[in-house]
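Quick one: the structure is below, and I'll ask about it shortly.
Chain lettering (A, B, C and D) follows the sequence in which the chains are written, and residue indices restart at 1 in each chain.
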Amino acid sequence: MILLSHYIVVSAILFSIGVIGVLCRRNALVIFMSVEIMLNAANLAFIAFAREHGGMEGQTIAFFVMALAAAEVAVGLGIIMAVFKKQGTIDLAKINFLKG
Amino acid sequence: MQNLLLGIPISTVVFLIPLLPFLGACFNGLVALMCRSGKAPVPKPLVTLVAVMMPVLAFALTVWLFFFAKDPATGFTTPPLWNWIAVDDFIAGISFKIDRLSLVMGLIITGVGSLIHIYSTGYMSHDAGYARYFTFLNLFLFAMLILVFAGNLPLMFVGWEGVGMCSYFLIGFWFEDPQKASAGKKAFIVNRVGDFGFLLAMFLIYKTLSQKGLTPGLGFLSFDTLERFRGDLFLVATPICLLLFVGAMGKSAQIPLYVWLPDAMAGPTPVSALIHAATMVTAGVYMIARLHFLYTLSPVAMEFVATIGVSTALFAALIAVVQSDIKKVLAYSTVSQLGFMFYAVGVGSFSAGIFHLMTHAFFKACLFLGSGSVIHGLHGEQNVWKMGGLKSKMPITAWTFGLSVLAIAGMFPFAGFFSKDAILFHGYVLGPRVLWVMGFLTAGLTAFYMTRVFALTFLGQPRDHHLHDHAHESPFSMTFALIVLAILAVVGGWVGVPESLHGNDLFFRWFAPLFPYQEFYEKIEHAGRGTELTLSFVTLLWAFHCALLAFVLYSQKLNIAKNLALKCPRVHQLLENKFYVDEIYQTLIVNPLGWVSDKVLWKFTDQKVIDSLFVEGTAQTMSLAGRTLSLLQSGAVQMYAILFAIGGLLLIAYFVL
Amino acid sequence: MFPNNPLLEPFLIIIAKVILIPVIVLNLIPLLIWMERKVSAYIQDRRGPNRANILGVRLAGMILNFADVVKLLTKEEFFPTGANRFYFVLAPGLVFFIYVITTAIIPFADVLKIGEFTMSFQVADLNVGVLYLFSMASLAVYGVMLAGWSSNNKYSLLGGLRASSQMISYEITMGLSIVTLFMMSGSVSLNDIIHYQSENPLYWNMIQQPLAFILFLIATFAETNRNPFDLPEGESELVAGYHVEYSSMKFALFFMGEYAAIIVASSVLAALFLGGWQVPFLSTQALIDNAVFFLNVIGKVFGVVSILLGLVLMVQFRPGRYKDARDFEVLILGIPALAVGIFASYFFFTQGIYDMPDWAPPVFAASVQFVTFITKVILFCFFFIWVRWTLPRFRYDQLMSFGWKGMIPASLVNLFLVSARMMF
Amino acid sequence: MQLAFFYFFSGLSILSALFVIFFRNTLSAAIALVVTLFGVACLFGLLEAHFLAAMQVLVYAGAVMVLFLFVIMLMNLGREELLKIKLAFLGIIGVITGVCLAILLVTRFMGLSAPLLSLDLGVEYGTVKSVGKLLFGEYLIPFELTSILLLVAIIGAITLARKPQS
């Protein structure tokens, strides 16, 4: 018997893994990937709740999240490429344009 | 008023009178704008035609209207053309008050104005700003006509401000000269002080009336309404009248706000004639006459007006005695004569004030135009000490000037005699004796300094031969105006020949219904003709002797005059420097103001407080805060992410646990 | 992902389908390789493979495939220096695997109904239908990319990059062009689309939507990395592209993957545009109703053709032509053919089948549809091969600008036109 | 059966997600992420969201991750620049934060026990048709806005990637 909590717990674990990835890794690409994991965890939660309520709205939201992720990846990778061209590295510890 | 002119109601036709000069101003303004770059030549004939035709047409219309509307004396108020202020329940309309007072004023303005326009075509013919000049001159006529015809206080204030503005434009007409530009500014600023009083008076009236429960609405603040509800204003009549008089002080150059008028002579001479002698400066007198029903409520204010008036008269006359600039003399003379008018209205003889206003308009305009003719003939020379003996060179100017001098000096039977005589007589009867004495002295001084100017300019030996040789009589357009005005200066007073001289006192009878103050008339009646005759005779004699003295001193015994000045240098210096009023003002008002503006407002408030503290201080505080906070800005994105995550964690913990 | 099918099938049948359908596809691969060789040979005016034989049987060169298999199996497993072994091995398997599992949604025939028993000829009738196909096809890029990257070779890396960018680019056109089909048929399921096309060839999408067909066909070529879009393995520039370092069975997997891709693509083309398993002018019901008649006709034709084939082969017998076992090939093939032909002719002409059990007509209909579908697939496969040996290769920038500036706008125009047609 | 699938796919997702963040090799991380996404897609399928499962594979695995690989290969980071995972102070804090989050969320959601299959879903649940009806009906405006977002993203990506005009 699968309960809603099964999916939500999976979603929470995936999300936490994403958070750890974002916080620990210094490779911009991996951080980006971790963000994708977090987005997917959120999607999973959406769809699980939608399934529980028998509605489709959660799936619609998940669809929008996917579109958003696609847009985000297009721009984000462009930025990472530009930074790489300029700095020669994607190590976030070495990139400090934002240093005030 | 159901009468129609070509099917149009008269009340509508009235609006044409100010409208015509306005159209002329618009046209000339457009021409001036289009020719501004100097590429296209100014179409002078066209400009002249429009500029002169409009006042003449307005004059014709006014004459027609005069015969149409002179009866009944109280006149009528036109229905508003439109409502130009409609704020909440306060509505002010464009409506005109047509009665004998405004009609007389309108005649003076359009008549003298037309003549001066004609004169200007000659005087300004060589000036580059020909079209601009006529733009302002037409605009001035428009504003002045609005002022006198206005049916309510706000509209009157529009005209009041309009004439001030045009005066500013025309005084600073040659604005390339900084001195002249600053003279314009001075006039404007001093006028602002007066206007402030006028505005306050209006507010006070509005507040009082609306507090009394009068429903504001159309026609509120109109003269008819004010007259009907004057009883409600009884308690505040004194402050209202005094405040209004402050406005009049500014506009009509009375102590202590007279200082701008002598400087206003920087403008072209016809402007001085029209604005600063005949019309604009008399607006204060007109205003008091128009609001006589308010002034008679407050004897204190009346007395104040009379005192200021006669003091100004004497004061200005004293200064005029020693001035060497022909226009300055005339300017102080104007101030002095305006003082006479205020004296008249101050003692309650409104018709005498208006009478003097009219005659003064004639002879003073003629004098100014004459001086303009002299200046024109001498290529801009204004110092009387460099003139002399010009009679042979410019006979027409000399004759007209001479007649006007006789008129202003109060010689029988010229215009000035009757009007000044009436003022002094009424002042003697109605007002304190001290004031009369001062007026009496002034009358003599007037005769003295006017004769002095005439003698120095036209009689005696030429003192500057170079100038004298090149002097020439002015063109016909100028002399025409001079001649007409001189004739008026001679005959203008005959409408008011008193009964004591076996005249019928037409002017006063005519105005009597307008100023229904029985006690004044009774007092005058009570004084009797003997007193009047005696006073006239004494005054005439006194003036004649003064004039004779001046004539002798300045046409034949110039040395004595000069020695006299040397013998009492202090007095001479004092008079020469106009009692140091400008300097006192400079020290007491302008300098402190300047100091406050410079040190307190600019250097301290603006630079230190606003600029440094508020503007830069804000920026620097921000920048300091920014620099402090930027220490947190390590550039390590993950640091931010961790902080963010911890925050999020705490938030989730708060909600979950 | 999982069948949302109301029809409950016995577990064994599902297992059988899962095994059989990929096997059918896999068995088409040698056929395709043989076709490639033969077609290229005839296009280039030569004979093609005609040596390899088993006991003299060459099957027109088909036996060469066995030789290939032996060769590839016995070659050295080679790993280039610095290669990432895991990905190096994973890549070919991934390519092959993905193309094989793509066949799961291809319907080979109409749903078989015998009384209460029903069975569909596809592994899974997913409600996401063609989208599954696209999802899987897009995963194929990984194999190519990983292969290119893990080989530690500049050529293969370039090949991999080219392949991936090309596949991503043309996937868009592919998707956009068949959106119109979804719109027309109102479903994304392949079965529904095939049903919508009906048995009348005039209503097949190839005729109904020629522009979509052309666009999809071109995009398919690019997706399968076939000429004229075979830049990832363009030998004149990149030696052999992403599989330059591969040998032995790993290479074989790439090789088979490519042909599997062609077969899948052809199947999809056939299903989407050529009516799938629809027999021209004969609906499933018509086939079932007239099963006896068609069976007899086919039997008679088969008998006659078999006899003729056997005779033609036997006539060609010339002892001493090759001076080895190949001389007897025509006899080895011809005599059984003649025998089968005579038997079939005798059976059908004298007796025939007139009495069939209930289950037979539907099975017959399904078989005919199956054969029709395979025929259509092979037709498209032939087209692929034909194009490969006919057209020159694009340049890389041409390929990209054609894809982005030509194909995508064209598919959008197509979408617009079809929408307009549906609206009015 | 379903439970087995669930445990398999969720285990797959979580394991490969862990690989994503602990692989040194960026490329391996990316491949692991593909597996994660695939596993999540399968979970979507288990939740009857077939359309989204297909889109997940199509968009994420098919397009997004290919772009990632593309970038990784273009940078050629895979081998030369293996960024070492130094567990610096910040990293430790990050891990602690993440673990706390996980514990917090998991303990919280363990309690949710609504049975998933309690509702009788229609045949159309999760199909292209039902999602499409919502997208083009109730959520039309967000949908169109999403298209604008994508357009903006395209323009932004092109601007970023374009060579600067001398």
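Basically, a residue touches a chain if its C-beta (ideal position, glycine included) is under 8 Å from a C-beta of that chain, and two chains touch if they have at least 3 such contacts.
This one's a predicted model, so the numbers in the text were calculated from it and none came from an experiment.
Trainee: So which has more C-beta pairs touching, C-D or B-D?
Mentor: More contacting C-beta pairs are found at C-D.
Trainee: Specify the chain with the shortest distance from its C-alpha centroid to the centroid of every protein C-alpha atom present.
Mentor: A
Trainee: Could you grab the centroid distance between subunit B and subunit C? Build each centroid from C-alpha atoms only and quote it in angstrom.
Mentor: 108
Trainee: Return the distance between the CA-based centres of subunit A and subunit C, expressed in whole Å.
Mentor: Chain centres of subunit A and subunit C, defined by C-alpha means, are spaced 39 Å apart.
Trainee: In angstrom, rounded to a whole number, how far apart do the mean CA points of subunit B and subunit D lie?
Mentor: 86
Trainee: If you average the Cα atoms of subunit C and of subunit D to get two centres, how far apart are those centres in Å?
Mentor: Computed value for the inter-centroid distance: 33 Å.
Trainee: What positions in subunit B touch 2 or more of the other chains?
Mentor: Residues 636, 638, 641-642, 645 of subunit B touch two or more partner chains.
Trainee: Two or more other chains touching the same residue: where does that happen in subunit C?
Mentor: Where subunit C is concerned, no single residue meets two or more other chains.
Trainee: What are the residues of subunit A that contact at least two other chains?
Mentor: 19, 22-23, 26
Trainee: Touching pairs of chains, which are they?
Mentor: A-B, A-D, B-D, C-D
Trainee: Enumerate the contact residues on subunit A facing subunit B in the complex.
Mentor: Per the stated touch rule, the residues are 19, 22-23, 26, 31, 92-93, 95-100.
Trainee: Can you list the residues on subunit B that touch subunit A in the complex?
Mentor: Spelled out, the residues of subunit B in touch with subunit A are 626, 629-638, 641-642, 645.
Trainee: What residues on subunit D touch subunit C, complex-wise?
Mentor: Residues of subunit D touching subunit C: 27, 31, 34, 41-42, 44-46, 48, 50-51, 53-55, 57-58, 61-63, 65-67, 69-70, 73-74, 78-79, 123, 126-128.
Trainee: Could you list, by residue number, the parts of subunit D that touch subunit B in their complex?
Mentor: 90, 93-94, 97-98, 100-101, 104-105, 108
Trainee: Taking the complex as given, what residues does subunit D use to touch subunit A?
Mentor: Within the complex, subunit D touches subunit A at residues 2-3, 6, 10, 13-14, 17-18, 20-21, 26, 29-30, 33, 36-37, 40, 43-44, 46-49, 51-52, 55-56, 59-60, 63-64, 67-68, 71-72, 74-75, 77, 81, 83, 85-87, 90-91, 93-95, 97-99, 101-102, 105-106, 109-117, 119, 121, 125-126, 130-131, 134-135, 139, 142-143, 146, 149-150, 152-154, 156-157, 159-161.
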